[in-house]
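Labels run A, B, C, D, E and F following the written order; every chain starts at residue 1.
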Amino acid sequence: MQRPAGTSDNITGLRIRMDTIGRVALLLVLAEDPQAVMASAPAYQIVLGHVGTMDVQKIIAAIETAARRERFIGPEYAEEHALYHATIEALHGISRGQIALGTLLRTVGLRFSLVRGPRLPSDQTTWIAVALFGTIGQPVKGMEHEVVGLGIFHV
Amino acid sequence: MQRPAGTSDNITGLRIRMDTIGRVALLLVLAEDPQAVMASAPAYQIVLGHVGTMDVQKIIAAIETAARRERFIGPEYAEEHALYHATIEALHGISRGQIALGTLLRTVGLRFSLVRGPRLPSDQTTWIAVALFGTIGQPVKGMEHEVVGLGIFHV
Amino acid sequence: MQRPAGTSDNITGLRIRMDTIGRVALLLVLAEDPQAVMASAPAYQIVLGHVGTMDVQKIIAAIETAARRERFIGPEYAEEHALYHATIEALHGISRGQIALGTLLRTVGLRFSLVRGPRLPSDQTTWIAVALFGTIGQPVKGMEHEVVGLGIFHV
Amino acid sequence: MQRPAGTSDNITGLRIRMDTIGRVALLLVLAEDPQAVMASAPAYQIVLGHVGTMDVQKIIAAIETAARRERFIGPEYAEEHALYHATIEALHGISRGQIALGTLLRTVGLRFSLVRGPRLPSDQTTWIAVALFGTIGQPVKGMEHEVVGLGIFHV
Amino acid sequence: MQRPAGTSDNITGLRIRMDTIGRVALLLVLAEDPQAVMASAPAYQIVLGHVGTMDVQKIIAAIETAARRERFIGPEYAEEHALYHATIEALHGISRGQIALGTLLRTVGLRFSLVRGPRLPSDQTTWIAVALFGTIGQPVKGMEHEVVGLGIFHV
Amino acid sequence: MQRPAGTSDNITGLRIRMDTIGRVALLLVLAEDPQAVMASAPAYQIVLGHVGTMDVQKIIAAIETAARRERFIGPEYAEEHALYHATIEALHGISRGQIALGTLLRTVGLRFSLVRGPRLPSDQTTWIAVALFGTIGQPVKGMEHEVVGLGIFHV
C-alpha cells in the first residue's frame, strides 16, 4: 500500500496491554517499531519475518525456516507440529474460507511474528502464537486490502 | 483472562500507523483506551461494542444492532450486505475452519469495532472493516486463548 | 421479492434444450409455468415443492418428505443416500461456503425440483437431480438476493 | 455433452420472469439463444463467455478479462472486489464443498454470464451477478454431469 | 446395524502391529474384545466409551467427560486443548466436509477410544489419539453406513 | 515410520467382525497380512494398493487406475462417480479440514483398499468403500503421524 510522504498518522500515546501472547504477536506485526514491542515483552521468545507470495506453502516454509534458524522450536516433531497448526490457524484468518492464494488468483504481502511463552501472566504452560498481517488482493498493485490472522497452540 | 492488579505491562510509546482502515479497526479492539485511537483517526466513522456468547448468530446480531443504532450503515440492503460479509469474514479468523461455537462446544468473549472510510489515504472509495478480538475456549473460566478476526468489504 | 403489478417482463420465445437432467431441473424452479416444462420432458420423473426456513434440516426434510410421498425414490437406503447427497450438493450452491442458515442469521425462501432419469439422451443409467432457486438474506423482508443450487447423483 | 442430431427437445413457449438479476444471469447461460435473453432484459449490462479448464484461476481470469475488455467494471478496486467475490460465490455452486478442480482430478466446461443492474425492478442500487453453467467430471469425455453456480454482490 | 445370530464372521488369526498410537486407537473401536487390545498395548493409557446423538457437541462432551473422569488429561488447559483438537480432527473423518449432524438431518452411533503415549516405539514425546467408529445416516433404523475418524495431537 | 527389528508387537488373537464393508476395508489397510482379511471376506470384491505423494490428484489417480485395471468398476460413468465420491470422502479423514497436501506443505504415505459388496449381511444393494491409512506430515522423515479415512457410496 502506498504511504504518503511525510505522513504523521502514527499514534504514539496508545496504551495496550503487553501481558498476553496474542496481543504481543499482533502488535509485533502492526507496529512500525517491533523492536519496541520486543523490549516491552521480555517474557516471550520472538521471531519476526515477512513474505510475499501466491503460494500458501511458501508462507508455511518461510515461517518454519525462520523458526529453525532462530531455534524457536526444538528438534522434536511435537514442536514442529505445534508451529504447523498455529500457522494453519493464522492462515484461516488470512484466507477467510479456503486456504488458497494463487489457485484463487490472489496474492499476499505479509509480515509474520512467532511468539513463545505463557498465554498470560498466571499461565505455567508454554504456547506458540503465529500472527500474520498485511494485504491480500489481485496480482495488480493497489488492488488489495488488509488481512490479519492469529493461531495459538500449546507446545 | 485474569489480569494481575497493578500490572505495568501497558506499552505507551509504540509507533503504529493509523492511516489504513485495517490497522484502525484492529487497534480499536486491542487498545485499553480505544477513545485515543478514535481521536487519532478522524477520517473514519467508528462503532464499538462487545459480545460474549456460544451462538454465532448473536455476534452477527450484536454487530448489526450496533451498526443500525449508530447509523453506521444506511437503509439500503447493499449496505447491510457489505456489513454482513465483512462480519462473516472476521468470523473466519475467530473460528479457523468452520464458523461454529456452541455446536462445537466452545464459547467466545469478544470486543468488536466497525470502521467506515477509505482503505488508505489515497483511496477515493468507501469500505467497511469489522474487527473482532478476545478469547475462545471451553465453557470453563480460564480454558481459553486469544483470537482475532478482520473482514473488509467495499460499500 | 415484490413484483410490480402488470409486469410484462416474462420471456416466452426462448429456446432452451430440455434433453439434459440439469437443464430440466433448473427450468422447473425458474419458470412461471413448471407444468409446461414437465410436459416438455416426458423422459423424466419430476417432483416439485417449496420451502421457507432458517433451518437447513427443514429443507432436507421437505425434499425427503416430498420424494417419499410421490414415490420418487424406492425403499432401499441406496436411493435415500443418492437423494441426500444430491440435496447436500445443491445446498452448497445456496450457502456458498458453509451449509448454515439461522446460525449465520440468514433465511431462505426456495422452490425445489427433483428430477429422475438419464443425464442426457444417450445415457443408459439413472440419476437424480435436485435444483433449488429462490432468495437468501436477512430475516427482514426485501433484505435478500437470489441463489441457486444443483446437485446430481447416480442412483 | 453429446447432442443427438436433429433433436427437437428445445422448449420455446416457456414463461420465465426476466425482471430479476439472478434469473437473467441464469437464463443467459442456459439458453440456446442468449441474444434473445439480452434483448428481453434492457435494464441490465451483460457480458458473456465460456471457459474449459482444470485450473480454477483460469475461470477467474477469463471472467476478469472479459469484464475489463467490455468495461463491465470500472477502474476502482471496489468494482474488481465485487466481481471477484461474486465469482467466488458462483464457484461454490460449481465445486460443492471445496473450490478445486485439477487438484481433485476433475475438469469443467462452463459458459458464464456477467450481469450488472438492480436486483429487481424496485431496487435503486447496483449489483453484479455471475452465473456459471456447464459440466464437471473426470478428464475423460462423457464422464461428467451438469453444474450451476450463481454469485450476486453489491457494487 | 443388525448382526445375524450365530455369525462366525469374526476373524481371529489376524496379524496387526500394535506399536503405534493410531493402530491401537483404531483397533480399540473396531474389535469385539477391546480388552484384548488394551492388554496388548501396555505402553498406552486408554479410555473407551460410546455415544449416539444428532448433536456434535454431545460427542465432544462425552469424550471430555470420560477423559476427566478417568484422569486421562491433567488439569492444565494445554491438555484440554490437545484433547479438543484431536477430537475435532476425528470428527472431520466422521463428517467428511462439514462438522454437523442434526442440522444436516443425520445422526451417528459411535464408539470412541482415547489413547495416550508415544506415536511409535522410538518416540520420546507424548501424544493423544482420538478414534471414532460407528454409523452415520438418516434418523431411521437401517438407513446408515459406517464411518471412521482419527485425530492425533501432541500434548 | 521406523519399526524396530524383531518387534513382537503384533496382535494375533483379536476378534473383529468381518461382516460389514467398512470393517473389511479398514482391516485391509491396518493388517500386516491383508491376504488373511481377504480370505475371511469372500462376499466382497477387493483391490489393494499404496501411494506416497504431496499431490492429492495422484491419490485419486492411483485409486482409479487400480480400480480400472482390476475391473473393480464397470465402464459406466455412474460407477466412476461412485468411486470418485467415496475417495473424496476418505480424503476428508486424511486431510481433516481441507483436501490439500503439498500446497499446505505436507506429504502422505498411504495404503488403500477398495471394497465392493453389501453394507452388511442383510443388505441387498451394492456399495463401494475406500479406506486409506498411513502417515501425514512434513516432508522430513519421522516428522509425521498416522491418519485414516473411509468413504462409502452406493453404486
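Keep in mind that, in the parts below, contacts are C-beta pairs under 8 Å (C-beta built on N, C-alpha and C of every residue); 3 or more make two chains touch, one makes a residue touch a chain.
Computed from a prediction, not measured in an experiment: that's the story for all the values here.
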item	value
Per Cα centroids, the chain farthest from chain D	E
Angle, in degrees to the nearest 5, of the Cα rotation that carries chain B onto chain E	120
Over-half contact-pair match to B-D, picked out of the listed pairs B-E, C-F or A-B	C-F
Inter-centroid spacing, chain E versus chain A (mean Cα positions, whole Å)	34
Centre-of-Cα separation between chain D and chain C, whole angstrom	18
Where chain A touches two or more other chains, by residue	77, 81, 97-98, 100, 103, 119, 127, 145
List of chain C residues in touch with chain B within their complex	98, 100, 102-106, 137-138, 142-145
Residue ranges of chain C touching chain D (in the complex, touch as defined)	1-4, 7, 9-23, 26-27, 30-33, 36-37, 40, 89, 92-93, 95-97, 119-122, 127, 129, 133, 145-152
Complex contact set, residues of chain D against chain A	55-57, 60-61, 64, 77, 80-81, 84, 88, 98-100, 103
Chain F contact footprint on chain C (complex, rising order)	76-78, 81-82, 85, 119, 124-125, 127, 153-155
